[in-house]
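Which chain is which? They are A, B, C and D, in the order written, and residues in each are numbered from 1.
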Amino acid sequence: MEGISVNLISGRTAVQGQNLDSKLSDEYFGEVARCDLNGADMEKLGVAKDDRVKVTTAYGQVVVRVDQDDGILAGMAFIPMGPWCNAVVNGDTNGNGMPSFKGIDATVEKTTEPILSISELMRTYMD
Amino acid sequence: MAELTDVVCSLCGCVCDDIVLEVENNEVVKVKRGACSVGKAKLLGHHRIPSPMIRENGELKEVSYDEAIKKAAEILYKSRRPLLYGWSSTVCEADKVGVELAEELGAVIDNTASVCHGPSVLAIQDVGLPSCTLGEVKNRADLIIYWGANPAYAHANHMKRYSYVSKGFWTEEGKKNKKLVVVDPRKTMTAKMADVFVQIKQGYDYPVFSALRAILRGHADVVPDEVGGVPKEQLMEIAEMVKGAKFVMTFFGMGVTHTGARHNNIVNAIQFTRAAHTHTKASIMPLRGHYNVAGINQVLTWETGFPFAIDMARGYAWYNPGEDSATDCLWRGDCDSAMIIASDPGAHFPGPSLRHMAKIPVIQIDPYANPTTEFADIVIPTAVSGIDAEGSVYRMDNIPIRLRKIIDSDVPTDEEIVGRILTEIRALRAKEVQ
Amino acid sequence: MQTITLKLKDAIVSGVAKVPVEVDALTPDQLFGKSEAEIKAVKVWWGNRQEQTGDLFEVRLAGDAASAEDVKLVFEGDLRRVKRIGEGMKVGEIEARSDVDMHCGAMMEGGKLVVKGSANCWAGREMRGGELVIEGDAEDNLCAMYRGEMTGMTGGKVTVYGNAGELTAQYMAGGEILIKGNANMLAGLNMKGGKITIEGDAKWPGADMTGGEIMVKGATAMMPSFKFVETATVDGAEYKKYLGDLAMGERKAKGTLYVR
Amino acid sequence: MAAESELIIKNGVVFDPINGVKGEQMDLFIRGGKIVEAVSNPKVIDAEGRVVMPGGVDIHAHIAGGKVNSGRLMRPEDGRKGLVPKTKVCRCQSGYSVPNTFATGYRYAMMGYTFVMEAAMPPLAARHTHEEIIDIPILDNAAMPLIDNNWMTLEYIKSGDIDLLAAYIAWMIKATKGYGVKVVNPGGTEAWAWGKNCNLHDAVPTFDVTPAEIVKGLAEATEKYEMPHSIHVHPNMLGHPGNFEVTKATYDLVKGIRPYRDRPTMHATHTQFHSYGGSTWGDFESQAKSIAEYINVNDHMSIDIGSIILGDTTTMTADGPMEYDLYQITGRKWTNCDVELETGSGITPFLYSGKSPVNTIQWAIGQELALLVKDPWKVALTTDHPNAGPFIGYPIIISMLMSKKRRDELAAEVHKAIYDRSELPSIDREYDLNEIAIITRGMAAKTLGLSEHGKGHLGIGADADIAIYDMTPEERDAGKIQKAFLNTKYTIKAGEIVVKDGEVVATPEGRTIFVTPECDQTLMDEMLVTLEDRFDKYYSVTFNNYPVQDHYLPHPYEIKAPWRS
């Protein structure tokens, strides 16, 4: 399956904030295990809203559902801050203390693999 | 049914303190006024961790507070480089005991600023921070700039209470006589409200600030036609808006601290404000996330001299973000235990850092179960500050406000739990000395 | 000439957690004149406890030294979690035969420090004199200032055979740095004196510089606030000479930047 | 310590100026933290002829609160200058010009000080000041809220309602658990919210009152009560060449006003910064003589000197425009914080260099003031910590005031401008230990109205706050004097030994002293109608969340200030 290269960024959203203290909820899962793409890029990938995509970077990979946001330019991807986005973030802070949560080179491809739940996702760090 | 007024919200750095809510048989049943959707969710409450737990062959088993605290103390006491992380979603009274614990242990103590506005602190240490309290913005500001921030989502009351939409002494007509500039690589909810939206190329904030500075200092001639995806004409337009304004206020968020040159983006944002100040009154302020992330920075600074990322190994504070910040300690694999309090690295740290957290003993002190719980060997539930516990917090502009206790609870506070761990550790040390 | 060999014991770095050892107490000037037993007894920090050098390192002495100048320290073993090698060293020589951790050669005043591998962040921080050679890469904040200071490196000579990370030589005021590879973001930030030569590529060199000289021989991503002065020929090659950084205002923009 | 435990200090040579004791060999008896006439079963300290004084009282220093902490946060490079590991007794220490709270308590106690007045508390952030005061060990403290640029003040000055202004002052001092009325660049700080400044007779933008009217009105309103302390004034134009005329004109404003008791009607602070002649930095010169002459012939004024300590420091003041000017000169880091409806602040590092003619003259001025003011009861020793230098420099100043020889040696090392643009080299006066005791204790305690409350003297019933310096009264060696005043042989706080042989041995918690002005309720209610409206419309916190809760004063000491009949 052909993927596209994107510049991945993350950030807060309202629903993510509403569930800061209930991250194990379905609402949080629905909001944060999500990747926004520009409509043009969704066409390229042949995906529709709520289809699944695999996001891969040099630091890891994660499966999330896809959603459309034309507020971001083609060639960019947005995943709300949270466990799914962090699965593909670099831990290096360049002597600054702050990892680069934004501006990560990533490839996005269509997938049929399942989206991991929080505990499944956390387990991947344990083996 | 009792109505409570002047309730203080313990969610984000806005710390709204004019909330009205209804309490019935010791439960918040209704948020009548003041809170945004995010704050409302917090005040109405979520499922809490029912009991302390210790992990035994993979499973968390319920235990007594005494047992959990004793075990936590033993783990920390024998550690060579324990990491005490979090401290932002709790009150300063708890943070103070945390600093004492770090001193007693010779531990690394860090707070969530290191993955939020830590870069802003580093920038302040380079050039300072020309700023003001939020009421100043409300009463005076006629040009508001949100740079790399989306308050419409992250600080939903911010524009209404303090900035673009609020009404004050010289701004009685609210946004009517104000201008809003939003700089972001995404056309966000906030961007849609802007008079001028600058869709900057992600990671290019630094040179764009430098270009604006050069223009404001009279050197437009050297600036190329396009910088970081922004046409020179638009940079000139913003510079003119700055010169024409009576009071320029810049707010910035993690869109600037998380990207490209990180803390040097903020240095440059402040340098831009200094350049603007040669033409008019200009101030700048970070949009702090947690309701008391500013407070733990304040407490650490007056008690140790430094705001975050502190290594107490030698009995005094060695300060160096990038070396003694939590993400680095974990990513480098150089801490041998972690106490996580009032924060959730499981959700907010990069995967590579979490791999080490999975390998070392982890103590979690929090009212709520969250991704960090998956790593925790000891879980100690506490009261929720601002709901069943009171104390000091510092708003994003460093104004101290006292959280109110709005319902009764017998759940121990963060301050009590950390204090009891400290007492246990001192007892262990006394025993060893004999 | 006396050679003191300090080989880090494997056990120290074989645990789940790699707690850094800090060896600022082990420099030629501090060890000169000490017997093997005395050196083994020197206290070094390992996490939040002080240990005896002899418990962490295998210590070997060879030859004699008439003065600290004649003392050579050789660090062996896996040094990736050994910090502050040669911090504050004044004379003599140190050789580190592996990648090294942070603050290697920090506040160095004299003598020679050679790293046979790569150096982690803050190598040569606030360096005042002497020579630092890094045969691999240097990570971020090479020869920079300490947090909040407005002066970084003031003297000495630094050579990096590989690449340099972000913020090389921030607030540099004197001395010379040669980077044979590339320099990542913002080399020579706030530079006010001294010279940096980058033989590879550089991104945004010389931002906010008010003095000193930066020469980039590879490709350069320029800051938008520098003023082209002239085309100049330096040792046979043609360079564009820029003045900056005008973001600091005309009065302060006295830095020189040579790019291809 | 146990409330009734007893102590006797034998064979000390006591300097207790408030009680007229000028270096008499005598014993001191202590029980329950107070000086008593006799004790039955005491622990004995033999002072062996050493100099004994009441605990030092600092009338003006910036040691706690948002501004100080912003200075710490902004300057890790200062923080690392003062790193000291924790001990069995002490917490960790950091900082030189902006020490952490623990170091602040320890280092003052080591100099024999037991009370320090935090000189500027922004009302909106008063809770912060008190939170830091809780963390300052050993010392008793109080803090003065800034009430001079507040919109309510400006409005009442404009309308001439001095009684309502008095009601507002009472509410503010109670709400902030403050001590008195602090005035900093009156009007100028409000103007700074628009990037402007005000001289003494300029109209404040929008509010249309002058700084002169503000100072006079605040003095009148303050004297409506039996306030222990007068208004405490940082005049306009701080640090500007030629400002000495503005300074004297400011002093004149309160001449006619009758204080409620025998004390000045204005304390003018860090006077060194306000005694400048010339018109530019080029022809800058000392006018200390002119200011000192004014103080010598007028009895309604007291001053503190704000003497320079050469070296690097962190300047910080509510005088926002002044800090901006300073940053414009140095180009170093600059923090500003304007506080809604009330005040502002600025912070920037500064290096006072003996190579600079201007810095050298500034350095001379502080000493000139102390030496040219004849009556030591009118002058207090300060460095406006940390503005003119850190408080740990006090012993240097003491040694210079006591030794013409030391002054001449140092004058030879600094810029020669000291000889032609200041009086210092021509002054022969040397302070004796009694005068030193006055400017470091007695005067401050009297001027602040704290002597009635047991501070600054050793009479029967006084707090047993005592410094025993490791020197005899005959000591003339400036170096030894300086050393003795930096680290006491003993410091005793409320009867407990807290410093022994220059080391902190105990760290009891100090008290927070605050004043309650008692205002007529109908007057108060009338004022509150306006104030609550201002809160609703313009403040960013609610009226009910504003006042400092009792929680923030774990060891309170209240002084009531009744309305004057």
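Note that a residue touches a chain if its C-beta (ideal position, glycine included) is under 8 Å from a C-beta of that chain, and two chains touch if they have at least 3 such contacts.
Computed from a prediction, not measured in an experiment: that's the story for all the values here.
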Selected interface, A-C versus B-C, where C-beta contact pairs are more numerous: B-C
Label of the chain whose CA centroid is most distant from the centroid of subunit C: D
Geometric centre distance via CA averages, subunit C-subunit B, whole Å: 33
Whole-Å separation of chain centres (CA-atom averages), subunit B against subunit D: 34
Subunit A and subunit B, separation of their C-alpha mean positions in angstrom: 22
Subunit D, residues touching no fewer than two other chains: 74-76, 79-80, 333
Shared interface positions of subunit C, touching two or more other chains: 102, 121-122, 140-141, 147-148, 166-167
Numbers and ranges of subunit A residues touching at least 2 other chains: 94-96
Each pair of chains that touches, named by its two labels: A-B, A-C, B-C, B-D, C-D
Partner subunit C, residues of subunit D touching it in the complex: 74-80, 331-333
Interface residues, subunit D side, partner subunit B - complex: 64, 66, 68-70, 72-76, 79-80, 82-86, 91-95, 98-102, 124-125, 127-128, 131-132, 135, 193-195, 324, 327, 333-341, 344, 347-348, 537-542, 544-545, 549, 551
Residues on subunit B engaged by subunit D in the complex (per definition of touch): 5-6, 8, 17-18, 92, 96, 100, 103, 121, 124-136, 138-140, 161-162, 168-169, 246-247, 274, 277, 280-281, 283, 297-298, 301-307, 312, 314-317, 319, 392, 394, 397-402
Subunit A contact footprint on subunit C (complex, rising order): 102, 121-122, 139-141, 165-167, 184
Contact footprint of subunit C on subunit A as seen in their complex: 94-96
